[in-house]
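Have a look at the structure that comes next, please.
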Amino acid sequence: MSALGLELGVAALFVVVLVGGLLRGRNAPHAIGGIAIAGLTVLLGAAFLMSPAPAGEGAFGGMFVQDDLALFAKRLFLAATLIGVLASLALRQAAFSRRAVEYHLALLGSLLGMLVLASARDLILLFVAFELMSIPLYFLTGFLKREPEAVEAALKFFLVGTVSSAVLVYGLSFVYGIARTTDMSAIPGALAEGHPVMLLGMILTLAGLGFKIAAFPFHMWVPDAYEAASTPFVAWLSVAPKAAGFLVIFRLYLEGVGDAVLLWVPMMAGLAVVTIVAGNLMAIPQQNVKRMLAYSGVAHIGYMLVGLAAVSAAGVGMMLFYLVAYLFGNMGAFLVVEAVAQAEGSEHMSAYRGLAQRSPLLALAMLLFLLSLGGIPFVAGFWAKLYVFLAAAEQGLYWLVLVGALLTVVALFYYLLVAKRMYIDAPVRPGPIAVARPLGLSILICTLGVVVMGVWPGPWVDAVLRIAATLF
Amino acid sequence: MPLQAYLILAAVLFAIGLFGVFTRRNTVGILLGIELMLNAVNINLVAFARFNGDAAGFIFTVFTICITVAEVAVGLALVILIFRIRRTATADHLDLLRG
Amino acid sequence: MSLEPLAFGGLSVVLVGSALAVVLVKNLFHAVLFLALALTGTAGVFLLLDAEFLAAVQLLLYAGGVVTIVVFAIVVTERLVGDRLGQTSRFIGSGMAVAGAVLVGLLLFIRQEPLAEVRPPLDGDVTRAIGDALLTRYVLPFEVLALLFLVTLLGALYFARPED
Amino acid sequence: MTPVLDAGALALLALLLPAAAFVLLAVAAPVRRAGRVAGYVSILFALGALGAALGAWRATGPADLSLRLWEWLPADGWPVAMVGVLADADSTVMLVLVALVSFLVQVYSLGYLADEPPGGLGRYYTYQSLFAFSMMGLVLAPNFVQLFMCWELVGLCSYLLIGYWYQRPEAARAAVKAFWTTKAGDVGLLIGIVLLWRHTGTFDFLELLQMADGGEIVRDGLGVITFCLYLGAVGKSAQFPLHVWLPDAMEGPTPVSALIHAATMVTAGVYLLVRTAWLFSLTPDVLALVGWVGAFTALLAAVLACVQSDIKRVLAYSTVSQLGYMMAAIGAGFAAVGFLHLLTHGIFKALLFLGAGAVIHAVGTNDIFAMGGLARRMPQTFIVFLVGTLSLAGIPLFAGFFSKEAILGAVWVGGPLLPFVMLVAAAFLTAFYMFRVVFVAFFGAPGAAAAVGGHGTGAGHGPGAGPAHDAPAVMGGPLWVLALAALAIGIGFAVAHPALEFELLGWITPLAVAVAVGGIALAWLTYQRRAIDAEALARAFGPVHRAALARFWLDDLFIAFYRLLVLAVSRPVGWIDRYIVDGILNVLSAWTLSAGDHLRRIQSGQAQDYVYGVALGILLLLVWSQWPR
Amino acid sequence: MRGLPVLSIITWAPFMGAVLIMFCARHRPLLVRGLAVASTGISLVLSLWIYVAYDRDLAGFQFYEELALVPRLGISYQIGVDGMSLLMVLLTGIIIFAGSFASWTVKERSQEFYALLLVLVTGVFGVFVSLDLFVFFLFYEIAVLPMYLLIGIWGSSGEVRPQGLFGWAFRRTGVGSKEYAAMKLTLYLLFGSAFILVGILALYVANGSTSFSFLDMELAEFDPRLQSWVFLAFYIGFGILAGIWPLHTWSPDGHASAPTAVSMLHAGVLMKLGAYGVVRLGLGLLDEGTHQWVWLVGTIACINIVYGALSAMAQTDLKYVIAYSSVSHMGVVMLGAATLTENGLNGSVFQMFAHGIMTGLFFALVGLVYEKAHSREIFKMSGFGAMMPGIATAFTIGSLSSLGLPATAGFVAEFLTFLGAWQSVHSWWLFPGVLGAFLTSIYVLRVAKQIFWGPPSLDPHFQALPDARGPEWVALIILVFTLVLFGVAPGIAIGPVDTATVPILIRLGVAQ
């Protein structure tokens, strides 16, 4: 049962929070968060101590595997959740202190879904875990249920999400029908036989997953949900579920599929191009920084899809690297937004005027995150983009690389607009911005991540390439 | 009847459900459309399971039915919440967030 | 076995007809009733496919449960709004076009596939097989599903509770 | 055995001394700012250079060659270009001329610019040293690269010195005009050099000469090359139509005009053609063109000189005219004759300019009609100026006589008739306009300015100090040296004719003398005796007179060209760059911005539309999945 | 000293300076400047030292250093200099050293200013010394990005009237403001870097995905079709930085808006970086591609020369004149490279150096004039020569070099380029080149005449303007001295350059 250790741990944490909340939830909101953080820290440590199960051995008749990829993903999810929960401690709205139990339970439930998803090698388990991951997100989006925007965003998220779930499971039904089993290891064989309905099933599934990873044109819930939901949650939402979505894609579309992977190239490349272009273009006119980051996040998914379009171990490895870099960069950026919003009461661009002179370190952190997202050397995002491009180039997808690289310039345009507010414009109000301690800590973690990965990418690359190699 | 007939029936239902989601103004109506889509999935699964002679499909169907119910529950809770806060049932009116 | 095509045809007509009614009728309440009809029809299809257990689940959980809570929700919201809920449609043309396109796409793929014409004979009790599998091989998803219900419950409660 | 100080070493010394002076003055700002001290330094070095130049000249026999070379532009294998000195008969004699005039002018300037602020004076001598170096470098150049470099440098000095009084708008304008006009010619020269290099593979004069002698130079395309080289000479030596800058260059201080725009720099073009005469002789067509243009320039400038009232402008046009003579001789195929005239002209034209400078210094104006009766007030100046004038007019026993006569003979022998006729006419006019100056300025009633005197209010030389009088010794000395030199050369040539490559026909001498005397007589009749009314004379040549007053509209043409370039070409280009080229790129970026704005509208905020997105995505994927692989 | 990682010290000394400035010199402006001068001084002295110590007979890449970065992908920190980069390193050292003095008077946020400037310089040094294409690209990005803030914060806005067919686009993009200029410059250069990245990746993949090392790729034979488009990608990418027509318009706006030291560094060094990239990667690696596209490179270079000169002539803003003159002169650089002859290529590299120094001098001077007179409008100024003789003299010398007057570095460069042009296959390139030199003489002297000559201006703003002072003199003297020294004795530069260009030509098959 050691394979299920992390899942059981999260489930236990879930129960502890539930029980603790029932006993004295309202009085000790920070205790709930503290418990969650402590538990997650322990679990993250445990995740790093765990080693993958030997190949070919899975629990529940091969339904649940604990391989390199799964372990990598679980560490990623746990880390993201840890940062998200840590930052959530700084949230000021009444709902978060009064309903801390619900908030954390939902987060943990979703996390559990992700963890199971990372190991799922069976369509049913996959689907159930996928839903366990998704449904709490709707609550969390609408968690500030007094705010019309939040509820509206939750409803939209829910409606589109459910339709996408329907599409996904419709696709899975075809996959099951042709593979004649829910065991995912049968998929490569069925694919190789070239069944049109199999292909249809995979396409529909991809569409469902496209919603989860927020690829254009499935992305449309993203900006609304990001804008309305609480920022620490959004920071987490922008990373963890997307990573989970990609993980499913690896499992379903790449793992052991062999030459049939070439089927996906046009679809992935096409999605990548439209996602990069649309995400970047739509980010340009945004005045709300969160919304801008939402669109830029869409564009980043496009870049990751470039790595996917490479359908190679290098491509997947580079995507994993990208995911980690994106985790730090994107979460960090959102958390700075939260810090500024708490002080200025605004997520508008203009709130950032003269930030460099008011709080130089905060501004520097934001700049680093933005540069990382923009793909500038010596911060993580640079290597991420570069590696992804490299993987695509190795497959001869030079045009894709060129489009991606050119649109990076557009991305830098709007990132630099924020940099302009921070560094070039004069401050409107004097004095530094007060940053709540947990928030500051989580920002610091993200900064360290971005810089360390940027300055010293070697070991990370080695690790992700080793993991990716197991897929092919 | 051949398997194809069942699949086509499911596809038609799926498309009708999708159409419903597109066109209904009322959020509950949209939910009904989604129900139709999920229902089509169930037909698909059961038909495949029967023609493949494999029980897993039936089990899959059990899961989808359960999850559908859960989703409907969430959806209706959301709808009620929306009604309470915005006093409207029409999805078209929910466009505070856009652009 | 000559009854099967007949039954299938009849059920198809009912299904498609009621489904269309669900998405087209003006009265929301009627739409829900048509949905119940469609779900019942689906249960009939399950029977045709020798899945009695699923047909029962479908009737109980789906046609019973879902329809009930939908009706409940409608009643609650009508009370809240203080008015009957109307049901109108938007952009029927474009909806039809896109949904039609998706349908055509699906059918094009489905038609290309050489699918089984006849079903294999049943071996054993389907219901028992389902039960066995659920508690052995599929116990993990089953547990996860339980957790899912728990979280859903929490969430739905959180949303639906009027105060705080 | 060659002595330690052979001609090459001495020439090098002569070259380096002014360079040292320049570097010293340029770097040691206090010395430069001290004004007169800078002058003394520069003069001292110039004197040394003169000595070295004389030594080099004495050490060089007619057939001697002394070469010093250093690598300048290295390349893989053989260097692309070298620098060094090539001391032979021609270059050393030219070197002496340059050193001599340069030295005298620097001495003279001490007096002429005595009232300048010290900083300005220091700057002046810095430029003077640089000029002396550059001009000597040009003279001694062993190859085209060094020649061109020094060629440009003398142009630079000319620019700087014309603009010496840079606060005067005319001076500033004249300086850039001179630079641009000569630069236009230099473009040709540069192209010519590059073409020649590709053609022959070398820049070196000696190698080229060997190739030419050995007939190794391909004739095909050589005409273009020599023509381009000639263009450089046209600019520098003020040949038609690029002569327009020289009269304006008179805005510089008069000693500068004497040195640069009379004796040395402007003759660089002639010198170039003399140096490469063997090359030009391979392209007779170009040579003929040189002759024709030279003769035409001589006549045209002579006509222009007749209507000038500014004494320096008269001399400037006369310089253009004389340069035309030299070119005509070269064009006729007798470069040595042209070179001879170059040397004599260098002496007596410098004399004339310095004399004119003394006059201007004394009366404070350039206008000859404001002068008058100066002969009595400044007798010494009058005498030396007269020597110069007689030399220029080509009166026997004066320096210009023999060389001018030789040119007429050479053109008669070597060229067609018409250039010869033009040159004879020009000779007549030369005598006329020079004596016009003499009669108007030095005889007759004292003009307003002459009476008042004043150290050149116009030239800004400081406050007036009584009526005009002879220049101080520091200015007078150089004048006398040059006058004596002119006489010595004239008498020397009268005694011993230099050897010529052709037979000087007997009737040329009387013709030349007659024409000169005729010109003098006309001037005497018109301006001294007033037997002929100047106005009537002008009317008699109505259209020519008017055209001459308008400088044959050439300046207008150039101004029009400049305007065309600046306004009609560059402005539209600038506009296009800003509003079309940049505009298109701005449009692209504006479109990108708009695309973002339009695209975000699909984000309508309505959930059903988001579902459309999902459906659309499905359709897209379905289509893409069928992409041909 | 052989054992020292000299190149690394040269490259990273400014960066260390920046770090020290950020952490140790808060609110101590003099210390900031002292650190800047010290760190760039180290770089300058060491670049002089390697210039002397470089073994010309041995040639090739020397002062080699290597450190594996990402061995799995074949990325290593691999640096070294050959004759060409040697000169470029020296150029960078000189310009930044002079630049630190030229911006002595930056008052506002000088700490950040110097820190960013120094970071930028590290990028530039890095590009010139790196032998690993990947590291090359990395440094390239570092060299581009600080520019945005440098111009955005310390720049100056101009005024451009939106008019013409595309007036709406001008209004939309906010042409004229410093933010616009900064953004334009940054995006253009990053746009270019996208092409470069694609090209580098293509070469990496084509060479078997084992090494980004330039030295390894030099040994490879690439497929002609790949070479063709990769060359084009490099040409566009680096060409944008080198200001090739019609992608040059960032340069006037950017240079005009940038503060003095940034203009100096950018026009002086960064544009060279583009040309250097074309020569090093384009000519140096892609023989077939070069032969295929050289006609385009040369022809566009000719357009650059003439068009840039004419545009410069049309400007009324002093900084724009200089900026357009850079466009024109970069044409000479590209023309020289396109000739594929020894002289042309030597001339090209020499022009990179000469123009770097010259334009650095120009921007320093314009900065001084602007700082003292608070105007860049040429036709409002007049007769400044009497008030600021030093600036006037330096400006004149710069002008002379600009128009290619002998005894300044500009002549040598142009002369060699012209020789090369006429030697090349497309010999007609000579004529636009020479015409450009002539046009340069017109606009540059016209400007000098207008500003420094003529009667003193009557404008009350232009009375009693001071000449250059103290630290500013240091900048001017260094630059003028270099300009003349390399003009009088070009051999000291051409010698090492030749050892680098000849192998390139041999690889291209046009020399033995």
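Labels for the chains are A, B, C, D and E, by order of writing; each one numbers its residues from 1.
Criterion: a residue touches a chain if its C-beta (ideal position, glycine included) is under 8 Å from a C-beta of that chain, and two chains touch if they have at least 3 such contacts.
From a predicted model like this one, the values you see are computed outputs, not experimental measurements.
Listed here as common contacts of chain B and chain E: A, D. Across the two interfaces under comparison, D-E and B-C, the one joined by more C-beta contacts turns out to be B-C.
Of all chains, the one whose Cα centroid sits at the greatest distance from that of chain C is D.
Here E is the chain whose Cα centre lies closest to the centre of all protein Cα atoms. When every chain is reduced to the mean of its CA atoms, the largest separation from chain A belongs to D.
Per-chain CA centroids place chain A at a distance of 26 Å from chain B. Centroids built from CA atoms put chain E at 69 Å from chain C. Taking the mean of the C-alpha atoms as each chain's centre, chain B and chain D sit 95 Å apart.
For this pair, chain A with chain D, the centres built from the Cα atoms lie 78 Å apart. Chain contacts: chain D has residues 593, 600, 603, 605, 607-608, 611-612, 615-616, 618, 622 touching two or more partner chains. Residue positions of chain E with contacts to 2 or more other chains are 187. Along chain B, residues 7, 14, 17-18, 21-24, 30, 47, 51-52, 56, 59, 63, 67, 70, 74, 78-79, 81, 91-92, 94-99 each make contact with two or more other chains. Pairs of chains in mutual contact: A-B, A-C, A-D, A-E, B-C, B-D, C-D, D-E. Looking at the complex, you find that chain D touches chain C at residues 608, 612, 615-616, 618-619, 622.
Per the touch definition, chain E reaches chain A in the complex via residues 69-73, 138-139, 141-142, 145, 148-149, 152-153, 179, 183, 186-187, 190-191, 193-195, 197-198, 201-202, 204-205, 209, 233. Listed in rising order, the residues of chain B touching chain C in the complex are 1-9, 11-20, 22-26, 28-29, 31-33, 35-36, 39, 42-43, 46-47, 49-53, 55-56, 58-59, 61-63, 65-70, 72-74, 76-81, 83-84, 87-89, 92.
For chain C in complex with chain D, the residues that touch the partner chain are 90, 94, 98-99, 101-102, 105, 109.
Only residues 160, 163-166, 168-170, 172-173, 175, 187, 245-247, 249, 253, 307, 310-311, 313-315, 324, 342-343, 346, 383, 385-386, 389, 400, 403, 405-407, 411-412, 415-416, 418-419, 422-423, 427, 430-431, 434-435, 437-439, 441-443, 445-446, 449, 452-456, 490-491, 494-495, 498, 502, 511 of chain E touch chain D when the two sit together in their complex.
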